[in-house]
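Below is one structure, written out as structure tokens; the observations come after it.
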Amino acid sequence: MQIAMIGLGRMGANMVRRLMKAGHECVVYNRSPAAVDALVKEGATGSTSIKELVSKLKAPRAVWMMVPAGAVDATIQELQQSLEAGDIVIDGGNSYYVDDLRRSKAVGDAKLKWADVGTSGGVFGLERGYCLMIGGEKETVQYLDPIFKALAPGRGTVDRTPGRENATETTTAEEGYLHCGPAGAGHFVKMVHNGIEYGIMAAYAEGLNILKHANVGNTQETFDAETAPMREPDHYKYDMPVPEIAEVWRRGSVVSSWLLDLTAAALVESPELKDFSGRVSDSGEGRWTTIAAIDEGVPADVLSAALFARFTSQSNAVYANKLLSAMRFQFGGHKEKTS
Amino acid sequence: MQIAMIGLGRMGANMVRRLMKAGHECVVYNRSPAAVDALVKEGATGSTSIKELVSKLKAPRAVWMMVPAGAVDATIQELQQSLEAGDIVIDGGNSYYVDDLRRSKAVGDAKLKWADVGTSGGVFGLERGYCLMIGGEKETVQYLDPIFKALAPGRGTVDRTPGRENATETTTAEEGYLHCGPAGAGHFVKMVHNGIEYGIMAAYAEGLNILKHANVGNTQETFDAETAPMREPDHYKYDMPVPEIAEVWRRGSVVSSWLLDLTAAALVESPELKDFSGRVSDSGEGRWTTIAAIDEGVPADVLSAALFARFTSQSNAVYANKLLSAMRFQFGGHKEKTS
Amino acid sequence: MQIAMIGLGRMGANMVRRLMKAGHECVVYNRSPAAVDALVKEGATGSTSIKELVSKLKAPRAVWMMVPAGAVDATIQELQQSLEAGDIVIDGGNSYYVDDLRRSKAVGDAKLKWADVGTSGGVFGLERGYCLMIGGEKETVQYLDPIFKALAPGRGTVDRTPGRENATETTTAEEGYLHCGPAGAGHFVKMVHNGIEYGIMAAYAEGLNILKHANVGNTQETFDAETAPMREPDHYKYDMPVPEIAEVWRRGSVVSSWLLDLTAAALVESPELKDFSGRVSDSGEGRWTTIAAIDEGVPADVLSAALFARFTSQSNAVYANKLLSAMRFQFGGHKEKTS
Amino acid sequence: MQIAMIGLGRMGANMVRRLMKAGHECVVYNRSPAAVDALVKEGATGSTSIKELVSKLKAPRAVWMMVPAGAVDATIQELQQSLEAGDIVIDGGNSYYVDDLRRSKAVGDAKLKWADVGTSGGVFGLERGYCLMIGGEKETVQYLDPIFKALAPGRGTVDRTPGRENATETTTAEEGYLHCGPAGAGHFVKMVHNGIEYGIMAAYAEGLNILKHANVGNTQETFDAETAPMREPDHYKYDMPVPEIAEVWRRGSVVSSWLLDLTAAALVESPELKDFSGRVSDSGEGRWTTIAAIDEGVPADVLSAALFARFTSQSNAVYANKLLSAMRFQFGGHKEKTS
């Protein structure tokens, strides 16, 4: 079927490629024309404006936006000037589901249809397919089914979940895409997905860090009042082969996962991770997940700890730590260690 | 080669089966003879005592213990009465690596060799193979290589880590077993492995719990001084299909993992997890991992939060929570909500 | 000076009493007239409607609202119908500072003045005075200074902070009230105050809970695969006198505080805290504090952990814990412990 | 009564002063003689060796050790050569209660008596008195009562806990010292005391850090893929007067405490805490408290988070954070932000 794509960054462009490979007809637009030209060479229909893009579509038009979060509202506004009743606006970016609620209502008031699609897969999606979490009305989502099917990984070589073979009705979940609920549900599920991702990443990072420091018993002990002495240095004299440990866990262990695969790959490239300094960025989803937990009144100890560790890595706890040192100095005369 | 196995519980018995399938000769012993008989029927050599077991082995003897943590010291003591210089004692159970340090020294004083093997794979190990993390002297570990190779999963269908193809020297990590370091190193790595496992499990559990409660905006709001009112109930009106969401993440998403596979399977069996009440046990490794982090002076926010959530699920925070309610009553006259 | 009070619950009524004791003239209104009558008997001027209340005030009128968060907007709306340019609306309740931003703007558009006052002190405020955190324009706050001074504790017997004696300009902070910044600043500071309160309460609760369980080495050990055995039961055979410990820390220790005083009092009343079951409520401020931390990108590990412990005490982690048990059953065949 | 003090550092010397002020006779020893000389001038009896110190005491001798944790065993060994049956060895330092269990047994085998005393009060103890948490046999503790009474703060100006006035039997807890249980109980309670101290300190530090960053909405927003954009910068445009806020909370608020007093003092000295960089040391007690919680199986989310924040401030999470950045680069091509 025909689909339009606005926003041809790494994600958007690769999605177009995957769609064309599956036989779909793609009309594309991007603010900078070079990205359009590249895809035109690969078979897409190009356009130099959103208006032109819309003009090249047959009703009901389906327009997939893959633009930065800050550009979504402007793109929708421009689309509303050209689209007609029954056309579909799809937000496949990393929007906050709360914005979906507002936007889907505005779009609906203009008789347009809405779908929000949380997309996971990163730079591997072109080849592996994209895991899609979809929000919107049932009819809209069903209409777009061929698009979702093409983008999704499909069953592939992943073993079927025991019990699924007896299910009387099948769902698309096994194909790697899922209609999660009404408008916003797609980005809500993607938000939580990323929150979980933060937690899993932190679990590996903390554990491997413990292994990395398993040789602290070998280091020259500092004897001063500001350092807690090790009671059992002999328990911590291991030089652990961290890259090999990450590798061995990939097969047969309970902690095998795709994130572990990536960790093992990073450690092969550089066992000491020399390209990184340890300043870890965070994007909106990790924050929103904890906020959702708080709004719902459910605990998120692990997910929030993973988030806060990133904040701390960004040097945002310095004032708090200065306060702790200042209190210690006040009550005990403790000076800060300088080394 | 020939190997002895003491302890024929689920793990020990299945390991014997996997070893025999690979052509190894297994001499087995178990406190209750039924387990011995069963394996004898499958081709193992049985014995009715540790002494007899040892007598059936050719030097250098290799004896693998797969017994409860509380029975290891007694088993070693009994073995020392029969084994001879150069024989090998292997602890494949869930021992604390700190005990390995003591035991390997005692065993070494008796001229015996030592290996400790952390084993992951659970009930799936017979078929998938066991991920093995090994501690001990290099010569001992190399001597046992055929045994480890047979128990381990091998490369299987898991994609090779990019960069490994150019490695000048290969390691057994890609086969699913690894010599991690001297005595204790195997159980140390297994300990941290389980600590990570707690963290990953908690990440999924917290995230799916947030999805499960995404409909709190639909519940009749209680208006009382002891309940924080929802500011935006309209943001939380989703009835999320949690079992389908776990399934869809299995393909193409960043959070795919073996633990997610198991979660998806559990949710197919019972979407409401009706066989469980939420009292989560913990075993030693999760505790020891956090203690190791503390001894090393490295943070373990996520791993400890996962551990403490289990303690709380075991009702061990009740007194602390009573104190909180009592303080609230003292300063604000707040009564506890009863429902 | 003259001041009006709307909302004569425990907090509002006691504030009127403290104001009258300081010689201020109070005009009061409450939805249910009994509370009005009671204060009229003590010297206040009563009123049966907001309109009447306003009619009894001299310009510039100052109206202090002490009403539930859910009633603030309606009260302001009604006030706007009677008040005149230059009159002052004061929100002394537990409002979200984000609402202050909106309300102060609306009030300002109607040429009224705004102040928001976070109030700490609870049921002890009548006697000890209320700690006041104030937001609003400088002129407004200065105009109300006599009111704030009367409500605040004053210097009292609290030792002066070293270094303050040399300050060239004094602030009202030493009197127990403070102009924190523009509209919203008062409730922002109060919000964080309560967030800190949660953290301190949790610190005591966790610590005393550790003391309470210092006798676990005496309990009959359960030997089963689902219970981690204690390595050193002899280290945990103390029957700690928790109420006495809370008392002894009140004098000379680093952890002495008002919350400790209250804890000691609660433990005298009932060492086992028999009136409480351990379901701990939370109000908005604790939630908003963590959300503010997330918005700012600063870590709040302790404050959020304190918040989440309350959520868990409200049984909101049950589904998460069921998932953990279900995963354990999947990979290890572990059954839940029932006792 | 007569008492000996070994170790005349800041704590030991001031305790001698406080004891002499109360009329007790102090025999003192210190490795470096200058500290002995100073106290001799103030009225103490000096000695140049432990042997000489013991020789100057009348039986039953009471010897209080106030030496670094690493020197306790050697001091006890030396004492055992001079002391006689019935003499008392007191460890008033920051020892691990687990060592008390071992040492009290060894001392008891030599027919000596044992007391362990956890001491809080820091540099203020000379004037305010020391809060004492005591472990040992009842008779020993009672014999030393005059010493404890002299060191402790006494009731002072602290309000009596409501309910205590009706108690049929009084305890010394109101005087600021307490016999907590058998050997080790004193240091166990002190350990938890310090664990709580970490938690309270962190609660203030996190809260004040949130206030400090309440102006992030004013900072020039960076628009890049590695920075989560602020949704509501207008909510974070407060320049909070942090030193004044700490001060205002000291009177009438729920979070008033001695640690807050110290915080307020530090902020008067330097509002930006310019003498500190934010590297926060930790001593043994904070670590041991969390280990005790783990051994007991009770949650310590807040206390451990406070501990781990210190570890992170000591740069011990860098490798973990590098791993997170490396994973992000692997799956999303995210580069680390350099500024």
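As written, the chain order gives the labels A, B, C and D, with residue 1 at the start of each chain.
Here, a contact is a pair of C-beta atoms (placed from the backbone, for glycine too) under 8 Å apart; a residue touches a chain by one contact, two chains touch by 3 or more.
Fair warning: this is a prediction, and the values are worked out from it, not measured in the lab.
Enquirer: Write down the chain pair with more C-beta contact pairs when B-C is set against C-D.
Expert: Top pair by contacting C-beta pairs is C-D.
Enquirer: Centre-to-centre on C-alpha atoms, which chain is most distant from chain B?
Expert: C
Enquirer: Mind checking the centre-to-centre distance between chain A and chain C? Centres are C-alpha means, answer in whole Å.
Expert: Centre-to-centre distance between chain A and chain C: 37 Å.
Enquirer: Can you work out the whole-Å distance between the CA centroids of chain B and chain C?
Expert: About 44 Å separates the centre of chain B from that of chain C.
Enquirer: When the centre of a chain is set as the mean of its C-alpha atoms, what distance in Å lies between chain C and chain D?
Expert: One centre to the other, that is 28 Å.
Enquirer: Find every residue in chain C that makes contact with two or more other chains and list them.
Expert: 122, 202, 204, 206, 208-209, 213, 228, 231, 254, 259, 265, 282, 287, 295-301, 305, 308-309, 312, 316-317, 320, 331
Enquirer: Write out the stretch or stretches of chain A touching chain D in their complex.
Expert: Spelled out, the residues of chain A in touch with chain D are 10, 68-70, 96, 122-124, 201-202, 204-206, 208-209, 212-213, 223, 225-229, 231, 259, 262-263, 265-267, 273, 275-284, 287, 301, 305, 309-310, 312-313, 316-334, 336-338.
Enquirer: If you look only at chain C, which of its residues touch chain D in the complex?
Expert: 97-98, 101, 120-122, 125, 128-133, 152-159, 161-164, 167, 171-178, 180-182, 184-185, 188-189, 192-200, 202-204, 206-211, 213-214, 216, 228, 230-232, 234-236, 238-241, 244-245, 247-261, 264-265, 268-269, 289, 292-293, 295-303, 305-306, 308-309
Enquirer: Inside the complex, what are the residues of chain C that reach chain A?
Expert: Residue list for chain C touching chain A: 254, 282, 287, 290-291, 294-301, 304-305, 307-309, 311-312, 314, 316-317, 320, 331.
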